[in-house]
Amino acid sequence: MPELPERKWTMVVNLDTCTGCNACVVACHAENNVPIVSEEEVVRGRAMHWIRIERYWEGEWPDVKARYIPVMCQQCERAPCEPVCPVYATLHSQRENLNLQVYNRCVGTRYCQNNDPYKVRFFNFFDPNFEGLLKEQLNPDVTVRSAGVMEKCTFCVQRIRRSEEQALVADRPLRDGEVVPACVQACPTSALVFGDLKDPESEATRLVRGNQRKFRLLEELGAEPQVYYLQSGHSAVNE
Amino acid sequence: METTHDVPIWRRPPPEDTELSHQLEHERRQHLLLDPRYPLDIDGGVLKPMYRHTWRFWLVTALLAGLVLLFGAIWTTQMILGLGITGLNRPVMWALYIVNFVYFIGIGHAGTFISAALRVLKIEWRRPISRAAETLTVFALIAAAMFPVVHVGRAWKAYWLLPIPTQREIWPSYHSPLIWDFTAIFTYLTCSILFAYIGLLPDLAMARDHTIGWRHRLYEVLALGWRGTEREWANQETALNVFSYAIIPVMFSVHTIVSWDFAMAVQPGWHSTVFGPYFVIGALFSGAGAVIMALVLIRKAMHLEYFLRDEHFDGMGKFLLLLSLTWAYFYFNDYLVPWYGQEPVEKVLHQLLATGSAAPLWFLMIFCNVVLPWTTLWSRRVRTSIPAIFTISVLIQVGMYLERYIIIPVTLGRNEFPYSWGVYLPNWPESLITVGAFALIGLLYVLFSRIFPMIPVWEVYEGQVLQGLRRIGRALVPTKAEPGD
Amino acid sequence: MTAQRISRRDFLRISAAGAALSVLTGCQNPRRWVTLEPFVSPPEQQLAGVPTWYASTCRQCPAGCGIVARIMNGRAVKIEGNPAHPLNRGKLCARGQAGLQVLYNPDRLQGPVRQEGRGSRQFQPLSWDDALLSLVSKLQAAGDKVVFWLGSTISGHLYDLFQRFASAINAPDPLVFDLYTAFNGYPTLIQANQGQLPAYELGQADVVFSFGADFLGAWLSSTRYGIEFGEFRNQSLGKRGYLVQFEPRMSATGAKADRWLPLRPGAEGLVAQAIARLIADQGAGPTDRVERARALAADVDVGSIAEASGISAEELGRLAQIFAQYDRPLAIPGVPLAGKDQAAGIIAAVQVLNLIAGVAGQPGGQELPPAAPGLLLKRPAISSMERVRQVIDQMAGGQVGALVVYGANPAYELPDQAGFAGALAKVPFVVSSTPIIDETAVLADLILPDRTYLESWGYTVVTPGFGEMIVSSQQPVVGPVFDNRSLADVLLAVSREIPLAAGGLPWADEVAFLKESLGQLAGSEDPERFQADFQQHGGWWQKTAPALEAPETSPEKARPLSPINFLGDEQEYPYYLHLFMPTLLSDGRGASQPWLQGSPDTNTTISWQTWVEISPVTAKRLGVKQGDIVRVTSPAGELEAPVYLYPALRPDTIAIPLGQGHTDFGRYAQNRGSNPIHLLDVEAGGAGWVTPRVRITPTGKRAALATFENQVGVTEGFINEAFPGR
């Protein structure tokens, strides 16, 4: 295999245009074979959605506002969940700056979830139940996780791999926008942008560089998350 | 009183002076080591109860064994169906199993502390209780070591945490506190078993010499040919001394490392530098209480009133009070700093404990761990009253269990994202497994007590030989000879 | 028909070959050095581990988005938006993606079934031959008294066939009615816009006033409006559009609005009229706008509207100024349920604002699509509620001999008060073609399960096309999962046996008919080649000059609106009822798909359930807490559901989502939640149904809400625990 270039995959989330439509959530379920848990399990706090839209209420009636924040694995450069895993089931890909999750290494100590400040890791409390024909919809590129295994957003690493291989076969560099995780692909308002921060020309770099609106979640913890959020902007209309 | 050293103490005539005679009577009642008996009587006092199998014994054994089998059945079900049968949920990924783990490791601390530390400090009253304490350590550690395996999602893969070369060609990650934990506990368990076993050797030989049949053959093998030569005694003494010194730092390390499972995490309420010593003291506190409970139970069940006297419960009670004071000091430390810092999530946690849904647990814990020991244990009458000290010890277990419960599932329910908070309620599978783990310790203890001498005869005998009373003026003063020096 | 017939397999082959060459969906073979060739290549030209993409059209709502389905080893594993499709430009909403679970639903029927005794749920399988024979004999017996009840997501060619069949046997024109279109006010919008659904192009607007239109939720085309909204917020030169939303309950659109104004339910039209009046009176903004405002604005009293709507006069004045001042303002009329009896008036009042602004009929404003191209291309004409009521009356009067239901579920979608179930009992023969047994199928005699849209042929004339003429193509992306026949083939087969119909439907099969219909589009192009391109790229489209004619200005627009009628006495029923369509389940057709059931609703994060939204203010007054089960009673019906405390809701209003309460429709939908549609009443003679007032009674029971967010954490936690004083 030829040497693949260093990357810094990042996601930029424009909170101004996230409409909370859940297209990303369903896209992620479809792409990554994330099981849907039953009503009883949701009540017990075991719902699984690798990407979720957190809705926060602000203010009191009648000046109420609802804010949407899509939260997925932040792919931290210094991820707190990584060192605590005793079996290297979660580990860092230095080349791509990805927080990898190796399902078949996981024994399910669930330490990573405790040490995950963003709470984006999901544990399979039971075996996933794809009833009847629903098994046919499973994406063969992604493992179906068994009970007792931790899972989380991978930035659709299977798509990254496929695109890199395609570029390698064509003997050309990977183009910006060629790797599109399922959530980014689906997002109607294009609130999600995916790209390589090592590429100075990429859309993601352009959005992040010098942007006054950008912030990262719990930046003070020093985990160096690789998901950038852009705050809501302001219109010219005087309020 | 004139003493002649070549006359064995039990052959000496009682003093003629009535006052001295009363004082001697008093001292004998009080102190085991000043109340010597014929070696055969002592041997018999320890060995005879091992043969007693009343219907009570069988009932207790059957009950405990039933609970242990239930443990196994539920665990099997859990492995087949998944951890979903417990009450675990998304933010609260660690709950009762880890509470049990920490609690039982804590229990495992007292045995060694009493045995090793008191031995190093040459505190003589420890002699008859060291076996009971060491045994508790070993069994509690076995129960504790089980829980990480019960806890993990894929228990059949738990051996992947062991640093053994396999076809997987992946070594466990030494970045993970869990592996430090494993290392520390494994070391401690090995040391504890060896320490207990070395101390057991002369008694096994004694039992071998007094028994026939399967017991004789068992003791013959286990005694490793102990004959009681000078050289053997000297070697045993050296080994015990080395272990006593070496095992103390190991013991401190174990619960410190257990605390690092939490303190190393970014979870608010866990990320605290005081956790190490605080956990060690907490472990000793609950452990000492557990030892008292064990002593009360074997004293009652095996009629060991001769060996286990007020002085032991008095000493352990003082020890308990001291630990309660120290524990409170560290607990205060653990609260004051975050409270002063007013970090939002820490504040939420404090509110949760002070006035929120966890307040009943928190106040019950403070009552059991602080209020109760502080108001009662200063009194010798309470310390030497068996029902009172037993009740207090049980409540301290409750308090310390609650403390671990508050640290683990209650704290995990709060984090930086209110969206992902959670409330944990134990479900029946993990509750029954917890009961089963207590039953397992009980069962092992009951079976052990019928096979191995629960009182270290040689230690008692040695103490009685070394300890004496010397008359100075009108008073009898306990004296002690130093062996070997 | 002279052209050589192309079989389904040939079509797939052509499409596959085309797709393999095309870069549009990124489908080159990525692993040339490790290509695994199976011994026998399956018919779909699949190679193990190599995905193939097929373009088609989404049928989860009537919008007509282009999709591409990713096929691995003959199985559809992912649906994405078709990047070449001009309507949705590669994007796709949650419902569109969940289409896989329509295809692979575990509760799909595997062949035709007959029900002995309606409602018995005892379904006996029978062969297709027997089923068709039975259908033929029953239809023959019914003569011209056959009613075709169709859903709005029907493919154009199938609608065409139904129409032809109906006219051949002299039956009335098919009825097109489903809750999605009815609830979203399609009939009224179409009526107000010269028979067309308008497009509101937010993309370049400065200011958008939305009068209860949840266009980011489940209104018209949520995907396209999502794209428009993204552009609206990120316009060139850093311009960011300003959105004002008027609605009693904060929808997803309201949450994204810069200004959310909770007006009294049904006051949308009044507010629009007040704003028009204020533009005329204040005289702010360009003179032409002020002049138009003076000509068009109704004579209303702003003060009394302020009182009636709950929006202060100052606020209205400010809004009027904003609307008049900026270059590109746009007003969007939602059709909130409360306004149904005056929906036309409300839409007209909002339309006036666009006329004043000068954006009606303009690109980048309110735009009307051009007429559908090609004579033979059909798009379903949405029926009015009056027609629905007529048909129900006919059914009840025994004037209907057979009812054929396709793509609709009237037994679930109509309020009890409409009397559909009772009327149905009078129809001698009912046939449904639902792939999953639904509420209507349970009342049917024969069920001929159609292939799902991912296994079928078709086309959709996309309206509105947002400035383009679009005919979106539909083709099977996988082979049929079960031995189910396409309904078009069933119709053609049946028509051969009915002498009257045989002449009207001379085609051998569905593909032949479709080819002939689409041949209209080919123009000078080779029809074979056109067909291949059409299927491969997902349709046919061309930029058109947008229809420039402004919506008609009728004198009605200048007439002040009267207050909205609500059913029920104000004393007895103190609360307004606001029903809304949730983004995921929409009108209930999503309920059979676990991805849509199990994904959290955006604002409440509830999945799998029906809930009643109550303002915390009202809840305090009623003494109910989150999770308490309350009984909601309207003059027409009642339901019980747990309370969710919704901070962004008027205290005088309660809101309930549609979508649950199925008594059938597969294991994921069945016996779950309640259907609030039964709280509504159908008013005799009105344009639709009327909204009732309701009362709430606590039942004393509690239920665990299946929220994804932690309820302690978000609704109580930080506020109550961290800041108990607040």
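By letter and in written order, the chains are A, B and C; residue numbering begins at 1 in each of them.
By definition in this document, a residue touches a chain if its C-beta (ideal position, glycine included) is under 8 Å from a C-beta of that chain, and two chains touch if they have at least 3 such contacts.
On a predicted model such as this, the values are computed, not experimentally measured, just so you know.
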Query = Using CA atom means as chain centres, which chain is nearest the centre of all the protein shown?
reply = A
Query = Looking at A-C and A-B, which pair shares more C-beta contacts?
reply = A-C
Note = For the pair chain B and chain C, the C-alpha centroid-to-centroid distance in angstrom is 68
Ask   = In whole angstrom, what separates the CA-based centres of chain A and chain C?
value = 30
Key: Between chain A and chain B, centroid-to-centroid distance (C-alpha), Å   = 47
Inquiry  = Quick check on chain C: which residues sit in contact with 2+ other chains?
reply    = 709-710, 714
Residue numbers of chain A (touch at least two other chains) = 45, 47, 52, 54, 56
Query = Residues of chain B that touch two or more other chains: which are they?
reply = 91, 417, 419-420, 422-423
Query = How about chain B: which of its residues touch chain C in the complex?
reply = 91, 344, 347-348, 351-352, 355-356, 414, 417-423
Ask   = Of all residues in chain A, which touch chain C in the complex?
value = 14, 16-17, 19-23, 25-27, 29-31, 36-39, 42-43, 45, 47, 49, 52-57, 60-62, 64-68, 131-141, 162-163, 165-166, 169, 178, 182, 185-191, 233-237, 239
Query = Touching chain B in the complex: which residues of chain C?
reply = 709-710, 712-714, 717-718, 721-722, 724
Note = As the complex stands, chain B meets chain A at residues 81-84, 87-94, 148, 151-154, 157-158, 160-161, 170, 172-173, 175-179, 182, 261, 264-267, 412, 415-417, 419-420, 422-423
Ask   = In the complex of these two chains, what residues of chain A are touching chain B?
value = 41, 44-47, 52, 54, 56, 71, 80, 82-88, 105-111, 113-115, 117-119, 122-127, 146-150, 218, 221, 223
